[in-house]
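Here is the structure we will look at.
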Amino acid sequence: MSVAVMRQNNPIGRRSVTEHRNIYLAAGAAILLLLLMIPVIPWIHLTNPDALFDVMKLKASAIKKLQASYPVFTFLAFVQDSKQGILGLWSFILLLIAAATAVFHAWGIILFFSRKKIAAKKSLLGMYSRFQCGMLFSFLLAAGTLGLIFFANHHYGMQGFHAGFPVYVTLALSAAGYLSSKAMERKERILWHEHGFIEEVRRNWILFLFLVPCFVFFMINNYLPMVGIYFAFTQFNFRDSLFASPYVGFKNFEFLLHSEILHLTTNTILYNLVFIVAGNILQIFFAVLISQVANKYLKKVSQTMIFMPYFVSYVILRVLVFNMFEYDVGLINHFLTSIGRPKLDFYNTPSYWPWIITLFYLWKNIGYGMVVYLATITGISSEYYEAAEIDGANIYQQIRYITVPLLKPTFIILLLYALGGIMKGQFELFYQLVGNNGTLFSTTDIFDTYVYRITTTQPLSMGLGTAAGLFQSLFGFIVIMLTNFFIKRKNPEYALF
Amino acid sequence: MKKLLSIVLALVLCLSMLSAASAADDMTEEANLVFYVMGDAPKDEVAVEDAINAILKEKFNTTIDFQFSTWTDFNLKYNNTLISAGADLIYVANWENYGLNATSGAFLEMDDLLDTYGAELKELCGENMLNMCRVNGELYCIPNLWPEYVCLGIKYREDLRAKYDLPYPTTLENIEAYLKGIKEADPAQGLLRPTNTESASSLIIGFDTAYLLADKYPWVAPFGMPYGLTANYDTPADVYDYWFSDDFVEDCKMFKSWADQGFWSKSALSDTNDNEAYDNGLAVAEIAGMNPNKQITSANNFAKEHPEWESAYLTYGETTGVIYPGHATQNGTAILRTSKYPERCMMVLNYIMTDETMNRLVQCGIEGKHYELDENGFYVNLDDSFPYEGFNTWNLRVNDFKLKQATDVTLQAMFDKYAELGNKTKWPNVNIWDGFTEDYTDYTAERAAVGNVMRQYLAPLQAGLVSDVDAAVAEFRTKVTDAGLEACREGFQEQWADYCAEYNYQ
Amino acid sequence: MKIKDRSQAGFSVIKGVLLTILSVLCVLPFVVIVSGSFTSNQEIIRNGFSLLPRDFTVEAYKTIFRTPEDILQAYKMNAYYTGIGTALGLIIITLTAYVISRKEFKYRNTVSFLIYFTTIFGGGMIPWYLMYANVLNLRGTTLAIWFPALITPFLVILMRTFIVGAVPDAVVESAKIDGANHWRIFWQIVLPVLGPGLATVGLFQALGYWNDWYRSSMFSTSSRTWSLQFYLYDLVNSTQAMRQMAQYANVNTADLPTQSVKLAMSVVATGPILILYPFVQRYFVSGITVGAVKG
């Protein structure tokens, strides 16, 4: 493509540098680094296997599975086969880094080959950022591998492992690649009047300051404990303690294949969808209704009353529900008998329960969600209504064309938020209303209740519980990323992030 | 950044756990031991602790701090305490998975410590008791030293039985006759309030009626063993299949006929079962988890609220002839592997369990302030803020020092009767089943699946809430086989055979 | 005009009826609970629940208030946790929400994502517990009870929506042109118009704290730091646990709380916040509504 055409296509008339030795250096480094990670190239060698296996007290049967050297992606296999849980977490984190490295390098390389097309429309900053991430991760990976080897040798008190040449090559190459990419990025920035992180901090330091407490909180409360995700891949025992228990790969996930997982998944998703949709519709409906009531007294009292079920704990709800639906003396059957109708056997008939559960969910949650919509309605400027009034719009039209559209952003945010938890259930609701009544499971069993039952019958099954949680998280994560992506395409304002 | 920090965190956690001192204890440094026990703290915790510590400080340069699980999520918190190295001494029990935790390495091996710092205690326990606490040959806990019987049985209304001239509910036939008789005489009277039953430790999942099996079969474990296997008490190594036997079908049919006769509600599987039905006259018998102490509680309640009612109790062992005391690991004390002061732990434990004054101080508080002895030598509480066994340290009971309460007379009489019966069995007064710990690491997924099938298909069968027993049994058998029953059975049988061989139960 | 009035009158009747029905449905179980708390335990066990107390007694409340100093302490702790957690939490949540609502902030999507991410992925209870108990060594402190709930991601995102709705970009932009920095914009422009948002988020935050028992259960080493909910919850649990315990060991189980006590506890625990609610409520219902404009 000629320079003239490019100028023409570029509306702003800026031209990114697409041919410079630094670009080739960065891209070349990325390709080489990616090649070095190919699972046949050994990163970690066993220096003196016999002595090492002796220290590890391995049996001949275990030794048979082991190799003399390991590529970066399969060292966990060594950890698993040799039952050296002490190396597990470190190797696991290296594996995650390796995966991230591969992704960023590949991404950067793809952008590199289409750089001219991109440069015609926008900046190449995206490509540089991918390259830098890739280089950074490569560097971390190599340094981490050296660290692991040092740690292992120290732990076993002998020179058991040593690093292969790719580790050192990666270390040097990634540093070089990073610097050359950085140099190019700086030029590109000036060209596009974009600024980097440091400049952003300088400009908006107050905003960063605002974020400090939030950062500290989530670090302590969420991000640091996330190391626990690793437990999904271990078989916990006290002797080895948490971080040195044997690494068992995907063994804890096996129960997901064993059970009626499809059935549980559909149950969970269906219930959640009904809860989200019906819940929000009713909450909006009643919020609008309350906002329309002129009588202050009715307005306040009804709102308080609708909120009250939120305070009824599930433990008590369980007793109330049982008293209603019990076969012999329950309220409903009492009533049916008194009007000459046959009794209903609720606790042995699964088909009633989706209705009962949904009903009680809505009953308990309308008031809570309604508050959000009420507050949003309260925030709507009265000018809109006054203008509509002048135009002769009646109440229905005002609701239809003013109130409801203005509730939409709130609704979408709540919806998106709820979707991330699509595989997580209202555990207390199901558990307290149904209990362990197996007859009803076909329509009432959700993922959470299932996992709860499994983990309570298996003491020390920490890995199992974590694995189940991880499955739910991944599922929710995919759903939310997809939804957010599509919403962002249609209207970025409504997106969650 | 995030990952780096997690590595740092991991290291910090590892280090904090591995930092247990290994050097010999020279006693010059004051040791503050945490003693983790179950339940809620007594109000006067501090006063009694101070009194205890005044002595311990002087003798061992040590203090102890009792910390309580509370009764909310206690299993969870118990585990957390073990994982986080949150205690030095800890209450252990078979229902708190003593065997599993010990196998997994939560507790310290005690033999050497006991020899060096607890010679008196060792002698007091005796080899026999200590052996029962061994897991894979290693000693991980000191048992409590008060022999008790927590056998299962039926609690029923003796006044109604006499009034309608019904048979004593000794056998299943008689229980049926008893219930039927009351139903005929007084159709409005509620009979039983059973619900589902679950216990994690040996995969007991089903309906309360499963307790009645102990009234029919002379099994080594009251519910049979896990996975539908079972063996008789006299021949424990001789394992046979229950779920696939005709007996099983027959029993299910009997339960169905009971359900059809309206012995319990059709909604029983979701019953909120608050255990108060019997005490308030809404049920005429209780069949699940009834042991001598529960009978005493009910009898006392009746005496207070309904003097015209009379509660009586029959243990199933009286029918089958299989009767044995609670296992040594029912209540015990262990030292955490992570404790910094294992020697001091043992010294203190030795002292509390061999010194009469100290033991009474721990169990009953300060004499004259919290309790006194009446003219018959019975314990009388003076102050609610430290009740009898206020620290819930059932693990520190020692027969010779244990103060008797007035209600203990009846209880002791029952125990004496059972001890006599227990002596006549093939293994006199030996609790075989509760000493066994199953390690199901290799078939966790299958075990979980089997448990789930039991909940879904076995519980309704045992509750008699199926329309066609034969079809439901067939379905249960198919489902449970599909869930991986064979893998579980194989793994279990192998371990059980080893256990029987080790203790020579042939 | 006439048609409109008639339709409006009809609307007003329908909405009145609908609201009343829902309100009654919502409040009925609560009436049952209150009435049950004043009924003797035996009566509940024998004849179930009713709308009016049959065998009237305050026995259940006597049981709960048997040791008034304990329950007062629990109330005090609850008020403390709720107060500090709501005040501090509300400030941090609003600050954070303000940042991620600002278009000129380059990393707002990244920050939103990182906050939201914590609701999807977690390391589970045990590492979380170890973080507070072992790494920070906070077991037994009150900090461990209120700190872990300081920020709820949901409320941050909700607050962002409120800020976006209440503060048009143009207002912030013109303030910036006038030389105001973010600190001033936040305190002088954003906060004053955020009434309903602050009330909603504050209410949710306060409810979360008021109803919490879990953290008291996990981190308390003495009953002095128990929250009210945990104090009551544990009373109920101890009944069940002791009865179960008696299955394994010879433990005395007499004199434990019962059905009516459980109900009385609900009343005791929720009473204060229900009384408080109408005060917060005016922020949601006092705004302009169509009906009000109509006059």
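To keep things simple, chains are lettered A, B and C as they appear, and every chain counts its residues starting from 1.
Here is the rule we use: a residue touches a chain if its C-beta (ideal position, glycine included) is under 8 Å from a C-beta of that chain, and two chains touch if they have at least 3 such contacts.
What you are looking at is a predicted structure, and each value in this text was computed from that prediction instead of being measured.
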{"item": "Chain whose Cα centroid lies at the greatest distance from that of chain B", "value": "A"}
{"item": "Between B-C and A-C, the pair joined by more C-beta contacts", "value": "A-C"}
{"item": "Averaged-CA centre spacing for the pair chain C and chain B, given as whole angstrom", "value": "38"}
{"item": "Centroid spacing, where centroids are CA-atom means, of chain A and chain C in whole angstrom", "value": "25"}
{"item": "Residue list for chain B, restricted to those that touch at least two other chains", "value": "9, 13, 83"}
{"item": "Numbers and ranges of chain A residues touching at least 2 other chains", "value": "223-227, 242, 319"}
{"item": "Residue numbers of chain C (touch at least two other chains)", "value": "126, 130-131, 135, 259"}
{"item": "Chain A-touching residues of chain C, taken from the complex the two chains share", "value": "4, 7-8, 11-12, 15-16, 18-20, 22-27, 29-30, 32-33, 48-49, 92, 95-96, 98-99, 102, 104-107, 109-116, 118-124, 126-128, 130-131, 135-136, 147-148, 150-151, 154, 156-158, 161-162, 164-166, 181-183, 186, 196-197, 199-200, 203-204, 207, 211, 236, 259, 262-263, 266, 270, 273-274, 277-278, 281, 283-294"}
{"item": "Chain A to chain C touching residues, read off their complex", "value": "195, 200, 204, 206-207, 210-211, 213-214, 217-218, 220-229, 231, 242, 286, 289-296, 298-313, 315-317, 319-320, 323, 329, 363, 366-368, 371-372, 374-380, 382, 385-386, 389, 394-396, 398-399, 406, 409-410, 413-414, 417, 420-421, 462, 465-466, 469, 473, 476-477, 480, 493, 495-497"}
{"item": "Residues on chain B engaged by chain A in the complex (per definition of touch)", "value": "2-3, 5-7, 9-10, 13-14, 17-18, 75, 79, 82-83, 97, 100-101, 104-106, 196, 198, 200-201, 203, 205, 265-272, 337, 440-441, 444-449, 451-452, 455-457, 459-460, 465, 483-484"}
{"item": "Touching residues (chain side chain B, partner chain C) in the complex", "value": "9, 12-13, 16, 38-41, 43, 67, 70-74, 76-77, 80, 83-86, 93-95, 148, 150, 274-277, 280-282, 289, 291-294, 297, 300-301, 305, 326, 330-331, 388, 394, 411"}
{"item": "Of chain C, residues touching chain B in the complex", "value": "41-42, 45-46, 67, 125-126, 129-131, 133-135, 139, 213, 217-218, 220-223, 230, 233-234, 237-238, 240-254, 258-259"}
